[in-house]
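Below you'll find the structures, each written out as structure tokens.
In what comes next, chain A is part of two complexes: it sits with chain B in the first one and with chain C in the second one.
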Partner chain A sequence: MGITRRSILGGLALGGTGLALAPRPSWAQSSKKLRIGVLNDQSGPYRDVSGLNSVVCVKQAIADFGASAKGLEVEVLSADHQNKPDVGAAIARQWFDRDGVDMIIDVPTSSVALAVANVCREKNRVYINVGAGTAELTGSQCAPTTIHWAYDTWMLAHSTGGATVKTGGNKWFFIPADYVFGHDLERQTSQFVTEAGGKVLGHATYAFPGTTDFSSFLVQAQASGANVLGLANAGADTQNCIKQAHEFGLTQQARIAALLMFITDVHALGLETAQGLVLTESFYWDLNDKTRAFTARIKDKTPNNYPNMVQAGCYAGTLHYLKAVSALGVDRAKASGAEVVARMKATPTEDDCFGTCKIREDGRVLVPAYLFEVKKPSESKGPWDYYKLLVTTPGDQAFRPLAEGHCPLVKS
Partner chain B sequence: MRALDATPAAAPARSALGAPRAHVVAMGVMVLFVVLAPFILYPVFLMKVLTFALFATAFNLLLGYVGLLSFGHAAYFGMGAYVTAWSVKVLGLTPELGILLGGLTGAALGLVFGGIAIRRQGLYFAMITLALAQMVYFFCVEAPFTGGEDGIQQVPRGRLFGLIPLANDMVIYWVVAAVFVGGFLFLYRIVHSPFGQVVKAIRENEPRAISLGYRTDSYKLIAFVLSTFLAGIAGGTKSLVFGIATLTDVHWSMSGEVVLMTLVGGLGTVFGPALGALIVTAMENYLAPFGAWVTVTQGVIFVACVLAFRRGILGEIAARLKLDL
Partner chain C sequence: MHTIFGIPAPLLFGQLLLGLINGGFYALLSLGLAVIFGMLNIINFAHGALFMTGAFAAWGLLNYLGLPYWYALILSPLLIGLFGLVLERLFIRRLYGLDHLYGLLLTFGLALIIEGLFRNAFGSSGMPYQIPRSLSGAVNLGFMFLPLYRGWVVVVALVVSLATWAVIEKTRLGATLRAATENAALVQAFGINVPRLVALTYAGGVALAAFAGVLAAPIYSVNPNMGSNLIITVFAVVVIGGMGSILGSIVSGFGLGVIEGLTKVFYPQASDTVIFVVMAIVLLARPAGLFGKTA
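Coming up: the complex of A and B.
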């Protein structure tokens, strides 16, 4: 009963006509409108690192710039790439081809970040990456449309590796995840540790993914007599290592250096577990009056979450982009992403989060790197009062030298 | 579930080509959709649908017709993608050779893995294929040529036969459409050949097929290799469309996704898996702006599908119309 062959055929015919008559989304009608796409993880492991808070920060930048007062109409789109490169690349293509998006920002997860960078290069649209760590974005895979904000793996290894030695942590033991990212991070960090006069006593590689019990690796670290334990991994693995090291009492003997960690991760772990941890970020809300003012503006819109360096980078990137667009004029900015990026590189950045910084010709934003130590619970005076500043590396020294990046855009 | 595949008592109406009329009509509708859709919908999205449709149809050859649940088809799909991407980018092969090489990689892997796995049935078969696929995943995480976490990026689309540049989305769309329709017809022919009849007999009652003198292991292995060959082709095509081959393609969740597409569309139906691929991919694509709600919405829709369409969407329609689709 119910469904007959005729009714299905009729339905098919109707559906077909509907499909044919459906208006094609057209963006040519309102070409004056600037569209910014925030593409990041909104449901997976990097949700708190980027996610909806990045969208809030982008909107805050538009408000702080006073876009509507300056006659700029800006629309913000956002999507979840689910950490899948093909989903990310497909959304980026669709945004450019169908929705008239002019700039994509954030994009955590290296594989997705590189895929989107290539789409932006092909379509000549602006790409401001903040969320991903791979230094390839400004290295061999750099593009005239790419700008990389906030951090990269080289900067993390350099700051955490080199600067920790200066503060006394000179005997290192590594626990790297057994894949390219883990090995690269370990190799780079070891190099900086040795250059700064420290010693690497050994390492214990663990199978990735799938390891949750780190006890045997932590025992090896304990036996080595190291005073710094370097965690060359990310996300849940880092958190598990820290929790278990805390339970083993390893934190009494050695300092833990997390090579990729954000204030949002520290918040998730809690100070009791995370105390004494050293890590590198390029932004901390309690750094100076300007960062505090920025956080005060953003705080009400992001309940229970203070901005980390990725979210601050989304703010700063959007602000600098809007300045370049209004200097060039919307029509020229919409026509060529590479021209906007060239303009952005030519003018120094100026914002509340990172201060005044230069953008290098390979697209690297030279923000200062801060080595922080996580406070003891007794030292923390208020919500999110987590970091003690140990060492500051100025922007021109914090990142990989131009010559070592082999970016094809850089003429030697 | 099986009943709808059994030949109905009255022979179904046949067209001049010898195929049931319902199949000819459905095939016509499908080809019409493939030809007309890029003028209405976004071509890159459609290409993704077509590659997954081919992947799901290839998978259905095993699950729907041989009755073997392989839970490791991502290995053949993903390795096909990697080898195509690598051979086009590093060796500079033309796209059609790259895709063929991807398919052969899938077939070679399928020959080895199938040879091991078909000795067991049911759950054990599924677990062995999953275990072997996980080995491939770890290989891809570690091997230098896959680029680990970053994957193979910036794969050029190249020139078809060294002549036709594929950079334009509409041009490559016709290539992908041809690969899909070709692969689909190839599978259709296999399923409706004497070989396909034997394979279905093995599904229904393996001891009886053995007693009739068929070497069932050989039949199963051939079906396995054919399925993995087309899975490799689908993976290779996808890597050219997006210019990337990454760990997502070999991850076990991809094996799960293809099972899902087949079940949503209709297990053991000719056209069901392709429809399932369209539905699953469309959800992933059109729900993306809703952020965190994507996975929740997907879950609700799947629960609804399982409750309302036990035989899959097309399977249910076919059963209502008393047709074999």
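Coming up: the complex of A and C.
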């Protein structure tokens, strides 16, 4: 018999989806039990950024809240959305329709995040997005069921992009990933650059996922005469870009603005290569006594990595959700996701990772943004001692002003 | 500035050279696949995973044993080749008489298992691996900045590819090997241990993948997914060159690297599809591939 490429690829695609949708044991639908679904990348490029460590953080929040002592029974489910919007939306539907899930958290990859947001709105269930970047979640596509935690593209563009322009980086060349996150991040950063009197000299949008060699784009950036290389991508792509930019001597001519970078990326690059990079996160394990205490509590359960802002956001989001549920009562909380979210917005958040923050009516959590510089190898005193704090932007200034987001929930 | 099709000439030359360098990786990987398919009739889907294992071996040798790049370049292919030998003995040899599909399923399963194990042990964000000191730095060619390491990759890839071709097509060993695939029983009758020969061939193909992995380690992030990103492209290269044709995979590896490089200048978003477009066209015109023999 003949095998064709199509049959191979078709088989792969079916196999992948099949795995994700493999039947779960059906749960006894006890009405008092809360179910939290952690939906993220557990096998692909964003696995270390979210993945199993997010699940650990959600479970830690349940333990720290003292759910069982308060008479709340909470179950955690998790699944791999493989960075595909259709897979993510299908899992969300199945969770709501069959498994009785009450809240979905994490969901990195902006395209998947927007798809899942629609399902949650339709089914009136709580959606706490932490892992995705797109500011549309609290902009034109905001929903009464959505809360967006740790960061967004506007905040990254404003913090990292703004700081770079202020210190003389005024000629930019962008390398964006070709999906909603990359486009958003590029557009918003370009806006800050031009408003501050800088210029955007060009861009090279690359196919995502699957690109590992960025040398062509780096050579184009070099030829453009730019003095800033703006990386509008994440994870392994950002790492490859930085590694190869060093190789091609681009760092002698231009600075690198890694617009989204996590501590795990710094760890993967090594301080030798990453030193001097400027980046923005809203959480760092070594920020203060509370963040250190939080990290000490979960470190043994996440052996390979320290938590980043996404995983910390999963912790803080779950904690705040549980507080709202216990104030409302489980029955009311299970009946309406929008009511829980309204309650969450009405109460300030309080946790070890981000401190006390407000949640705006469009669903944006106003966490402070920290601009960090990556330490030199000689400055680092121990494992994961990577960041120096440069600037703190308070939460009410770190995000896009409410009026500019055009969120239909906001009444002007 | 002089321009060609509206693109500054230096930029175009730069892209041609970069395409050639990427082509070097394609050639090395598709060569291993072609050797294994040509001699064993096995479609080795585990090739990408073994490429990744090679890169991880280089990282492990450096981190656990302190052995630098140059040792890894020799030791990693040996280690992974040995692992390939074990795979062949335990699993793959049971499939020689069966339909291709069984080999494909087995090796695909092996790839998933190997990648899953590495992901569990090391995570997905990758491991740092630096370019060796003696090859760091770059030369200015006038039209572009060529990192010494990339230059080294293209030269080594070319030498290893041609050497492999020469061994299989021009030596007595290669002749025996080719004869063994044509008619194993007859070659066995001449007193040659065919099963051992075949096992060593598989190990050789695997060692080539590991070798490419070591070459790639300082350029790409060493992570468990690095092979699965490449493997589909490399399969397309093999199909274009003609399944099992050694020379075909070398020529189409370098050629497609260049085509892909040029696409990155004119329309970057299409750079990951262009190879498949070429594949479709080639298959329409020559179903057996550019260098393949029609059965």
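Heads up, the rule we're going with is that the second predicted complex is superposed on the first by the 314 of 412 C-alpha atoms of A that agree within 3 Å, B and C clash if a C-alpha of one lies under 4 Å from a C-alpha of the other, contacts with A are read in each partner's own complex, and residues count from 1 in each chain.
We adopt the following convention: contacts are C-beta pairs under 8 Å (C-beta built on N, C-alpha and C of every residue); 3 or more make two chains touch, one makes a residue touch a chain.
Predicted model only: the values in this text are computed from it and were never measured.
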Partner chain(s) touched by A:Val310 [first = chain B, second = chain C, both, neither]: neither
Which superposed partner A:Val341 touches (first chain B, second chain C, both, neither): neither
Chain B versus chain C as contact partner of A:Asp80, first or second or both or neither: first
Touched partner set for A:Ala268, first chain B, second chain C, both or neither: second
Contacts of A:Leu137 with chain B and chain C, given as first, second, both or neither: neither
Partner chain in contact with A:Asp178 - chain B first, chain C second, else both or neither: both
Contacts of A:Ala115 with chain B and chain C, given as first, second, both or neither: first
First (chain B), second (chain C), both or neither touched by A:Ile298: neither
Partner chain in contact with A:Ala89 - chain B first, chain C second, else both or neither: first
Intersection of chain A interface sets (partners chain B, chain C): 3, 5, 8, 43, 47, 178
Contacting residues of chain C [partner chain A, same complex]: 8, 10-11, 14-15, 18, 21-22, 43, 99-101, 104, 116, 119, 122-128, 130-131, 138, 144-145, 147, 149-150, 219-221, 223, 225-226, 229-230, 232, 235, 239, 261, 264-265, 268-273, 279
Complex contacts: residues of chain A adjacent to chain C: 1, 3, 5, 8-9, 43-49, 51, 178, 204-207, 209-213, 215-217, 219-220, 222-223, 235-236, 239-240, 243-244, 247-249, 264-265, 267-270, 272-273, 304-305
Contact set on chain B toward chain A in their complex: 29, 36, 40, 42, 44-45, 48, 141-142, 147-151, 153-154, 169, 238, 242-244, 246-249, 284-285, 288-292, 294-295, 317, 320-321
Residue ranges of chain A touching chain B (in the complex, touch as defined): 2-5, 8, 12, 19-20, 22, 24, 42-43, 47, 52, 77-82, 84-87, 89-91, 93-94, 97-98, 110-111, 114-115, 118, 134, 136, 141, 178-181, 208
